[in-house]
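Here you go, one structure.
A, B, C and D are the chain letters, set down in written order, and residue numbers restart from 1 in every chain.
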């Protein structure tokens, strides 16, 4: 077996880092994306920049103990159709991903030893680790990967991975049948029978229909865990995985108990036992549970409660800056949002700094209406958007809405800051003649209308790259394009950006995209939130992860 | 005579009211020997019940004894503590209540309640107490004693319940028995039994008896001494003979005179009237409270405080009247020129009318059942009424007399038979399906003054609506004029149009009800017990009013009543009903003298003074076959009466009796077989 | 007496069936199809269409109701559990059994299991609440009712009016503020898990407390009114004038009669408790069926909502039946009439 | 007339307190535009950093920087729109069903009674949860839900009273005049049923205030930014330990109005007994 070849761009990247043309963080991100192992990337970066990596500093962690974490305990029978970031909290301790994006927003190989993209980013070769074994004792092999990926992409399973990878791995086929409502029934199939190709027992090759930069990130999408094929996709207590723990007990909405599995291939586990406790959907209840010591830590804490917990001597505060946000998206299929002037007026009427202040205050940063975050490596800094009520009014008048517009903003009941954001926006809109009524719906009901409502506030989870969100949400006809935004120029720019591995070069292209979004885009976006949580001070090894992941094998409890 | 059992001295009792205290009992004094029977008579609101309850140290919420003393066996009870009162109550003084059914605890067996009374005051165990209870039940003439002990109050008839309450009172062997209107609400024949029982027990047991009633005649039957109360004061007291024979207070005199006497034939249909009505509690009248209604009142004398000083007439005959020495006598009604009502054309004709209430299923739909299997409220009634006639229908509760009225007026539908009203069959046409002309032709005066007028409407609106609907008068002014005219006719001032019913007295309400009934100049008026719920002193005026209006307008009257004396007094013709059937019809002279139906005979016996004892009985539901009265009839022919329908026997004059006895046997039997 | 009971039971069955149809109609008219609920927010429409077709969700309402009844009664197979549907839902009892309410769309488990796991907790909560409410409110209600107008009556009555006026969530927030935030004596949540710092008994204090405060005061008022009313009854006067001791009068004559009207109210209170349970369980994260119902309704978990509502109906109808039995025991008019 | 009403109230202190509370809040609702210091939905961005009560904001600001006092005042207006509408509609429905059911009896009564049984078998909150989650929270839907949940109870009361009143002689008198059933039910019977119905109305109005609060607490309240007491508690209940003023004042407002309703009902009932 030949040693994986470095990506063509890597040497250039290394030079840019040495020259200070890219930041240390950008370097780590892109280098790992291009197949350099995280250890090597960190080592190189440390050598060049002289800053020691925190990943290297590892105290000896104590062993033993039970960790109790408050979270919603969902049914995780079928990780493939997991629909929230709380689902993997339980199963990802047992079954694992091929890759892993750390709390530092850097993606590293996990069950993979390394990956290797082609220069055109259309062929990705995945090298599996040699030392990974299933709990049954059988080695982890390429067939397992092929089975899992193929399954995740089938219509019958209904995984959201399908939506993510559809663009570069699948074709849509019209079955010719229609359903009761006369709608065509569309099925999906791999665009090429060899799209997911087993090279040998430890190597899998993905042959893409279109170039894709974020394949490793996609492999860390939360449903994309590697299940034990013999169990036919069903997960549950006693299920076989490759992880550091096994699931002992699962009581949906109550609790889940996991126990350490000795002989884990990676770090840890230090803990004997983890218990995930569901104290119900009430945020206050979670805080109460923390205060009263019923749990050692929480999936997350609403920033509203920060003042209540910050002075608690027993608790340690954790936070992470993320690209987690919610956007007010306008659906272009509905008047008045078919007119770009109206959309721009909706943005111009808003002062993102003020909206951000009401929404989260210190726990977020103002956003700039283009869904690319400063923490994204491909972010390009544009002038901060300024509020201009007069111009907004003028634009509305130009678009034929001299007397303003009446709209209904649909928002989810939870989290509560959605309502605050919406309140701040509607108040500011009011001055520009935009009369928005807020309609709060129970969260599940929002998902009935999220693709169709004229004006809605949709939460978008953190994704490591700026292009990822843009591709998912705003590319013409993308599966999750909730705004029906279809702009050839945008698509073209995005295609170009996605083919540029160089963050510098890409951010130049991103600047064009961001400007386009600010001018014609379908969203009003005013904040990026930080995720915060509190853990008991006895818990060591924890870091707040931008997608709420907790790597329990790295955690330990001090006595 | 030994030391008196009870001495009440100058008792004043007041209640807390909205505008300060209201004194409801004033200057009440009473001395009662240990086996004396004393009757306290008065109308509602006269304070008689309050005084009686005070003897047991019991006052309703808000009441208090202002001054005076009550001594039982020489011991003052107004200052007793709770434990002392407990011994007094039931032990020394026991009480029998009005409405016996509600005086018994609905969830406890009779036995339990009796045992409890017995054990509260006399030592002994449960078994002994139960035995005592059983023997006491026997004494009050309860038939199956053991079964009775296990029963609950709702399984008892009114007469049974009252006898149980009496038994309960006697179980503790009290020295004084207080009876508060014990027979009010009971049927005449039942009432007679209970009254006789009380009189008999009082004699046998030898205890003191205080009998409270609004019925002077009834009290006179039992008691040695009588006190008459008016507006909180005893206005006259004396032996029964003195009170009835030589009443000295104008109120007592009027009270006696205003009641028609059953045994008397009417010289005039009009009754002697006490004008006005008793003062409402809390209204202060200086001097004699009867002055506003008294024909003999002398201003400047009777309305002075001194007017109510007690005067001794003779011996134990006292009176509170300023003119007690003036030998006043009652002012009787001037006899009217008797206009003999000529039998006019037939206005109502009832043929084989039956009414049964169909049972309903869970969906509210009438179940199809065989009519003959159902108990009937009216059963094969045939009757005719002529123009300008006063026809009275008498009977006890359950006799079907009210159902008959309701069918006539169109509140109910008949199940079978025909009802011809001015030649139109209305048997199955309720009022809303009748033409306006028929509605106008027949109207009704109702029994209960509390419910006859809609409390939410003003008097003017109530009469006005009737005028508009029935009088065929349109236009506000015309209606107002007619309303005023009607008010004048019922002798009410015009100012009453703006009053609500609750501002009116019972008699005034009945007057408004009468005005309403006459609004459309009806041809026929049905009056369902129009005075039975009124105070005695007010009844006569209403009856007179009705009679006057009838005479003036020539209206036909159907008069429903249980009051035999009244019926005899005013009727042209009488129908006696029992168990949904007609027992007897005829002119008053025919009905109230032999030969009569055994049931009519029993009714008359019950009402007659100095009559033979009536055995107490438990009225059973009438049988479905044969004579409805067979179950209670002392002259029943076994094997015949309860099986075969009684034949119709009639004289040429129209006197009809339905009975298996022969015409010669009616009224012949002068003695009842003393069977239980 | 047996006829009375049989008739009532018959009425209850009819009521229950009618209510179940009403429930089915309302829940099945909810926006959002079952298929999209099952597949979650990110499913693409082709996946939703496929499932809608497989589950025959386009059939007329009545047909679907009858099929649903059949499934619940164990006569018809539940198609959700069919492996051919490919939802990965399975039930160890099979697809046809009595009481088959299908699967919780939210929890992806058989409804029977979900409910079965939680029902005990709610039963415990309500039972404890009732065990406190009934003696407390009876004692206080009688104490106030036999002393009408006295200070004890005024204080209790006024207090009861104020407490009944407070919504459960206000009471809960107040108790939380005092018990948890200020005093730190009690746990803020009651997940009923063992092994933490708080024993189960302490976890129950606040939920039970809120229910008791919200409900006991109402029962107290009803009992007080009934007792005061009974005290004015002629037969109580009879007992008093018989010379019975006050204690005996209250125990033997007042109480039994005074209890007859409040029975309905006390039993209806169980219905109210179910209402309070939803709020209380949600606030205290108590693992009962009340919070589950709210979550299920918000999620649009049709099958779970149906099962839980039917359960509530069963409790409501059942308590009515208990009420009838109480009437039978207390009121001889019904027993004998 | 007015004087007798006043005298009656003066006799019952609890009714007097109740009326005072209800009228006081009613005045607040009526005069909201005049007495509220701020627009209830205006955001004070400066105050958002420190929401606690201050000279500018006597009762502080809420989590979105809006003046609590102003929202409380305008919230009274919301309450005085929602609650009377909902309760009136429930009473209209209940009376329109209950009075004829009691008056006519028969199949109509059976139908109404059985239907009432069916609806009353559902715990009230469950009706609201199911309906509101199905229909979505709005003024109309809250009214629909309250009507559906309360109408059976009202109809039972109306039916019971009618059943008793239809035996009254004045009803018989009206029937004997050939009055239409409609006239008898609504001119003769209904006015006399008003006492118990008004007492019940007060009680139910109180419950409806509680209910709208509870619905809001469960996230099923009126759509924002409507100033609504229940909603104010919901939006800030979780901040109680940090910023108590946001939730406590609306809680007090809800409680005082409900207490007012209950006291008035109590007083009226006692007066009715006399």
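Everything below uses one rule, namely that a residue touches a chain if its C-beta (ideal position, glycine included) is under 8 Å from a C-beta of that chain, and two chains touch if they have at least 3 such contacts.
A quick note: this is a predicted structure, and the numbers were derived from the prediction, not measured.
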item: Result of counting contacting C-beta pairs for B-D and C-D, higher pair; value: C-D
item: Subunit C and subunit D, separation of their C-alpha mean positions in angstrom; value: 23
item: Whole-Å gap between the CA centroids of subunit A and subunit D; value: 47
item: Separation of mean Cα positions, subunit C and subunit B [Å, integer]; value: 53
item: Shared-contact residues (touching 2 or more other chains) in subunit A; value: 282, 284, 287, 413, 442, 445
item: Contacts with 2+ other chains: residues of subunit D; value: 133, 219, 237, 241
item: Where subunit C touches two or more other chains at once, by residue number; value: 11, 31, 176, 282, 297-298, 300
item: Pairs of chains satisfying the touch condition; value: A-C, A-D, B-C, B-D, C-D
item: Of all residues in subunit C, those that touch subunit B in their complex; value: 7, 11, 232-235, 237-246, 248, 252-253, 256-257, 260, 330-333, 336-337
item: Residue ranges of subunit A touching subunit C (in the complex, touch as defined); value: 68, 74-75, 77-78, 81, 83, 155-158, 160, 162-163, 179-180, 183, 185-188, 233-234, 251-255, 275, 277-282, 284-285, 287-289, 291-295, 413, 442-445, 447-448, 450, 479-480
item: Complex contacts: residues of subunit C adjacent to subunit D; value: 11, 14-16, 18-19, 22-23, 26-27, 29-31, 158, 161-162, 164-170, 173, 176-177, 181, 271-272, 274-275, 278-279, 282, 293-294, 297-298, 300, 305, 309, 312-313, 316-317, 320
item: Subunit D-touching residues of subunit A, taken from the complex the two chains share; value: 282-284, 287, 302, 304-305, 307-308, 354, 357-358, 361, 413-414, 416, 419-420, 422-424, 426-427, 437-442, 445
item: Contact footprint of subunit A on subunit C as seen in their complex; value: 31-32, 36-37, 39-47, 49-50, 52-53, 58, 86, 88, 107-109, 114, 117, 176, 180, 184, 186-189, 191, 193, 196-198, 281-287, 291-292, 295, 297-300
